[in-house]
Amino acid sequence: MSDFEPKVVAFVCNWCTYAGADLTGTSRIKYASNVKIIRFPCTGRIDFMLLLKAFANGADGIIVSGCHPNDCHYTSGNFHAKRRWIMFKELMDFMGIDMNRITFSWVSAAEGARWADVVNSTVTRIRELGPYVSYKELVNKSVEEEVKND
Amino acid sequence: METTRKLIRKQSLEKLYAHLSGSRKIYAPVTAANKQVDYKYNPPYAEVASDHIRSTLSVKNIVFPKVENLFLFTNNRTESTITDIELFKIPEVVLWGAHPCDTAAFDVLRSIFCWDTKDEFFSQRVEKLTVIGFACHKSDDYCFCTSTGLSPDSSKGSDILLSRLQNGDYVADIITEKGNAILDSCPGLFEAAPDEKPVITEVKVKFSHEQVTAKLANAFEHPFWIENSLRCIGCGACAYVCPTCACFDIQDETKGKNGKRYRSWDSCGFGLFTLHTSGHNPRQVQSQRWRQRIMHKFSYMPDRNESLGCVGCGRCSSGCPVDMNISEQLEALQNI
Amino acid sequence: MARIGVFVCHCGENISATVDCGKVAETIGKLKHVALSTEYKYMCSDPGQTLIKEAIKEHNLTGVVVSACSPRMHEPTFRKACAEGGLNPFLCEMANLREHCSWVHEKNELTTEKAIDIVRTQVEKVKLNSALQPIKVPVTKTAMVIGGGIAGIQSALDIANCGHKVIMIERSPSIGGHMSQLSETFPTLDCSQCILTPRMVEVAQHPNITLYTYAEVESVEGFIGNFKVKVRKKAKSLDEKACTGCGLCTTKCPQKKIPNEFEQGMGMRPAIYVPFPQAVPNRPVIDKEHCTYYLKGKCKICEIVCPTKAIRFDQPDEILELEIGAIVVATGFDIKHADFFPEYGYGRYKDIIDGLQFERLASASGPTSGAILRPSDGKVPKNIVFIACAGSRDPAKGIAYCSKICCMYTAKHAMLYKHKVHEGKAHVFYMDIRSGGKNYDEFVRRAIEEDHVNYIRGRVSTIFERDGKLFVKGVDTLLGAMPVEIEADMVVLATAGVANSGAEDLAQKLHVSYDSHKFFAEAHPKLKPVETNTAGIFLAGACQNPKDIPDSVSQASGAAVKVAALFSQSELTREPLVAVVNRTSPPLYSTCVACGMCKPVCPYQAIELEEFKARDGRVVKKAARINEGLCQGCGTCVAVCRSKSIDLLGYSNNQVYAEVVALLNDY
Amino acid sequence: MTNLINRAKELLENGTVKVVIGYEAGPTGLARPAFITDPAKAGKLIYDDRCVQNLAVYLTKAEVKNLGKMAIVSTLPVMRSIMMLISEHQVMGDNIVVLGISTEKELLDIADIGVMKGYIEKCDLRNPEKDRETLAMLNALTPAERFAWWQKEMEKCIKCYACRQACPMCYCIRCTVEVNQPQWIPVQANPHGSTEWHILRAMHLAGRCISCGECGRACPVGIPCHLLTMQLADQVNNYFHVHAGTSDNMTSVLSTYEPNDKESFII
Amino acid sequence: MKTGIYPGCSLTGSARDYNESVFALAEAFGLELNQIPDWNCCGATAAHNLNKELSLALPARILAIAEKNGIDEIIVPCAACYSRLVVTQHELKKNPELKNRINEVIEMDYRGTSKILNVIEWIDKYIIPVVAEKTVKPFNYKVACYYGCLLVRPNKVLNYDRAEDPQTMDVVMTKIGAVPVDYPYKTECCGAGFSVSRTDIVSKLSGKIIEDAEYRGADAIIVACPMCHSNLDMRRPDINKYWATEYKIPVIFVTQAIGLAIGLSPEKVGLKRHFVDVKIS
């Protein structure tokens, strides 16, 4: 499926990765346009449910990115996020939900080029994985297909 | 229509199943790996359960699905468009193997769904439904159909009622025109009925529902409710497994400009059920909700719907995680 | 009904070269609730901003999306423009079409589609924005400086000279801190007390400074601009107003054998004492733990001899309740002592001393009047060994950090020794010489080259005593790890600088973070080295980490400026992008159940549990409450709240959810 | 059992407590929760293999609290629940009398929370053996197989929330599923809505689940949803070396951190 | 509580005296010591320089056998064996994956439940509380307690006594009437690593240890390690030759000293096996 254009949503913190992505722009480094960014004050603000909502609304891949450990603008939001993602990932793995579709990264405000790499490698990987069919099917599945009438 | 009784042999029953599944969907009980019995669409005959006392869920799902779309909509810049559900697409279904308590529940549901206006969704589904009921040859302590005015071999709600004979053959009572139509479509499978009484289980009468109803009229403030609902944890299991509970919640779900409105099962046991926007909740505590459940089935419905809201299947009790036993409580209520 | 105005900026050609701005504006214009969607060459220009202001009025807009560059660039610009146009500035959002789209993608349809997605997402978000008002917090213009060492003194004087009231708290009987104990200071070898004492006096006499010595912080409540501090003024057993400081009592006190703290135990003092001759205030206190009267119930000689009858044996501790706007923490540091080192005999050998003890030996006002005499027998040591990094940079001892000042003061000590004992031999064991600082390395070179101090690069494994000599066994790593053994008369350990006693306790009272070594933690290691994570509390000096005098003084002045800036206005204005815990009518009060999960995640201690009481005083409900004066809006509490009772203004659950949906769906 | 009855009677008679929460036998032979307020009825109390429900769920229930000070028959999971409830400010430790029951079904002398803590520390805090086996079986599957396995379970869910109601740690007065601004979890009991509900529930119990298995037992359609929280309980211990419910001032693993928390997936 | 003992090679060879004294004490105080059946080499000191897995597998097997035999605590008189066993327990506790790997290698189920005690801990726990009432001849001598390296290092792993200035042996000796001297050489290297290959280094290093003990006026050097003992005792002629001295100070195992104090005969505690005459009795 060569013409598949994955939809990738990036959840990033304002102070590091969002600023890093700004730097990518100022440096005119090109990357795949499949990724769209949602700005949060801090990775600590990112509710794990939002990642599921992204999949439920048709995302094929997700990037979650914030400040490197010890660099958090609020000192500890990224550490809390880290624990949250550890647990979330374990649960998703256990339920068989594909965590290869989520890139977790730390990208600082100075790492414009790295942001482009993170995006490009994620898009390439999602392209190889193809559309996230199993989650889309899950979302569209009615209770019992036999009584489906819509 | 006058009931006619026929014999259908064990082997013919399988043929009848095959015959019916040729033209319609069949909704029949299947025993799962964990011994629970669940209804499934078109299971192979070999898997169909016939020895169970009760399925985990009732069969109400077939006329009142746990989620049912009401309409679809699209919000455009200036106006919204609504697309109705094409009810004529609801398929013909044969409900196979339902016990008399479950089949009798359809009438109770009708008394709710078609009380003042006719619920099209419910009615269409009932219309497309043919019921082949199985009289009970087994029962347990949770069963109390006889206390709700029914019996293990009641034909209420069935189009054909099958009752097992000692040798494993069945007598088939053809109750309705729908039943008759089946008989006519495959007369070779039916034979003349023998003069033998089928095996029917005995279900003890535990209380008089008339007396319960009478008692409830003055029991609203009775301490009974608190004492007997302390252990209730307020889940919706009893309502969801109940064949006659008909409360539902209506929701809109939108994605972008497209959305749908659907209804899904709800339960008066939930704290949220009566919560007002203001924050006020007329049923603040669980005892009030438990009282509502019993009052609704045994007092309000007889008053308003002229129908008892309970068929004595015992599911709410067997499925309750904290052993809230409804027949035990009704017995007690009779004597307060 | 929302009426959103969308302004698509070309940014010259920066955006329009790759994004079809016309198509973006047109597509967005078709969306529900978009009252106006237009494009312009330079939105940030005056005409561009005017466009927005006029559109707000003309179309009665309820929200604005400026689709241009990064909000990190121009969000303040456009929010201001909206405010000038009569729209609450927080109803303006920016869609980042330049840095996140036009500059990073090729010109093609996908890029324009992405631009449309980005703008639509902000349109959906802004519909859910609410008009927010800046948060105003009143400010009490009185600062408290905790600690009367050089950092505290500098901070207090700077703040006081800005015209603000300062209350200084010092737990010992005199201000001055460690600097008053030092003999000379590097790299100039000028006398420490000569430069410090005038400052101490200035503090005592400054009309804006109130000094409480022998006093400690009891509790701290409140938040920036509005702290309520309780201070325990320990009883000095003295009427300070009556006392003239004549000192008669101290000479007559029969109890004279108490190790003198100021002399680092190298001299003795009486039970009623002034810590050192230049003390400020120059008034004695009675050490109740050693005073014969307090121990045995009789004596009272001081009371008898006092010419002004100033002794008050029955004086109680006093609790002061103070209203404070900002706090400077300058509680300083302490050092490890010889008893920390088993390999050096756990302090058993009298002639192994620490750096501060050497300072007192070298000090003209010290116990030996400045003569370098070893403690065991009072002889002049002919062979002296200095060991740098005693404890510091030694993870095995639990102190991985560099104490920063030891390299310099060890060089100073060796020089002072050589200046006083010309024929003596001084050896220094070191790991690396860290002498970054103005004229610092030159100073060390002088010690080596002019004063011929023998620097040996290596560590000392053990020291033991034999025949009255200290056998120092070490290694010289510059000579191929050759074992070195020196028979020394005296050894000086440049022991690690550590957090002051009670630092952890104080940090907890102040709700300020501290590191694993109990040093106070700065809010940001690079950009907020003076602030703590609690707004309104600042750090000065070695309570943060070991520092030398110039660093301490610089930071103290920095802290003072922070306080002065805070006090420059009578109200503090803060961005209202803070978290809130919902409140509803009784009996619910809030959907919060006070599980307390949010409390530890808050880096600013902005969350507390509020109690709701019935008329009879019964607590009927507890729920979290966020102090908007402290909250910085990170939103971590929002994400951990299970019942979704907390939300973050500006990044509410509804808004971010709408963004996810808008980004991925067709409209 | 006699000890338990005597102790319950004594506590009610001397007025130490107003209600004893324990188990009694119901008419079908099942054990069910009992709320004894009359010392004369203390004889109804039983404790045997049938007594499986986690009674701690009642400690936060309004109508039970209204009865007054409580004593509660407590097996290990109940004790661990109490620890969590105290830690999370839902219950005051000195307001409860713990009638501890050992694994040998003997009445323990739990004088106070400190004693209870000591007892808990000595116990095996892992998931029950049967569940460990199932977890191991599931962990050995491929992700796709696990997905299929769980989806089969999710299809059964009717969103009756018995799992939530049976859990002592699910005491919120408003659950996330009841929030509709935004609608975090689809209301419908379809595979998607059910999957997201169970993910949410498990995440909310991460570091808080005390492995009683009550959620799975309560499920009327037999979804082993306790395996989700138990898997996370395992992982919490694996990553952060904590067992929930071992002290009365536990901080949740998701609201604390260590700078050197180990993970291998963040690039 | 079932107490086991792991003798290791030394106690069955060059340090039979040590072994005899340990068992003599056990007998005198009525303490049960179950030798771990089918024990193998602990791997000291060659294994951990060559193959990490082997260096862990060998002790793990010993510990697994002990666990299988229901032994709750294991006395390890040899300091080298003690070090290997404790290090293994520490490493495998830290790293469950490695533990599984080692279990595969040894084909046994090592869990890490047994407690490992060195001889001083054993004495401290079982003998010191009752030693006063059994003491018939107080050990009225000045002693230099020499700990060597393996008993206290690496401190982070062993978590026993203070590494730079250990005290436990001094305390034990005080309890039987001895007076420990301030002895800076208590953890200095005796050269055991070169005990066969470079006896000159042994002589140099051990010589200093003996010299300082003599200088401090000690009547005996007390040890708890077979290697220390052999270097200070067996190598005495070499030492005296190397330093041109005539040191006669005896080297006594801590267990032997206690044995003498409670009235056991020198033969019983193995004193007759020493190279340097023990004039103490």
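Chains here go by letter, A, B, C, D and E, matching the order in which they are written, and residues are numbered from 1 within each.
Assume a contact is a pair of C-beta atoms (placed from the backbone, for glycine too) under 8 Å apart; a residue touches a chain by one contact, two chains touch by 3 or more.
These numbers come from a predicted model, not from an experiment.
Between chain B and chain E, the least number of touching-chain steps is 2. The chains in contact with chain C as well as with chain D are A, B. Set against the Cα centre of chain B, the chain with the most distant centre is E. Two chain pairs, A-C and B-C, are weighed by contacting C-beta pairs, with A-C ahead. Taking the mean of C-alpha positions as each chain's centre, the chain lying farthest from the centre of chain D is E.
Comparing per-chain C-alpha centres with the mean over every protein C-alpha atom, the closest match is chain D.
Rounded to whole angstrom, the centroid-to-centroid distance between chain C and chain E, based on C-alpha atoms, equals 51 Å. Our note on geometry: chain A versus chain B, Cα centroid distance of 45 Å, whole angstroms. A straight line joining the Cα centres of chain B and chain D is 32 Å long. Within chain D, contacts with two or more other chains are made by residues 173-174, 176, 184, 188-190, 254-256.
Shared contact sites, meaning residues of chain A that touch two or more other chains, fall at 48, 53, 57, 70, 76, 80, 84, 142-143.
Of all residues in chain E, none touches 2 or more other chains. By the touch criterion stated above, chain A contacts chain D in their complex at residues 48-49, 52-53, 56, 69-70, 76, 79-80, 82-99, 103-106, 118, 134, 138-139, 141-143. By the touch criterion given at the top, residues 588, 591, 593-601, 609, 622, 640, 642-645, 653-654, 657-658 of chain C touch chain D in their complex. The touching residues of chain C, counted against chain A in their complex, run 70-73, 96, 98-101, 103-106, 110-111, 114, 117-118, 121, 513, 523-525, 533, 577, 601, 603, 632-636, 638-640, 648, 650-651, 653, 656-657, 659-661, 663-665.
The part of chain C that touches chain E in the complex is made up of residues 341-343, 345-346, 348, 396, 462, 464-466, 471. By the touch criterion given at the top, residues 30-32, 34, 584-588, 661-662, 665-667 of chain C touch chain B in their complex.
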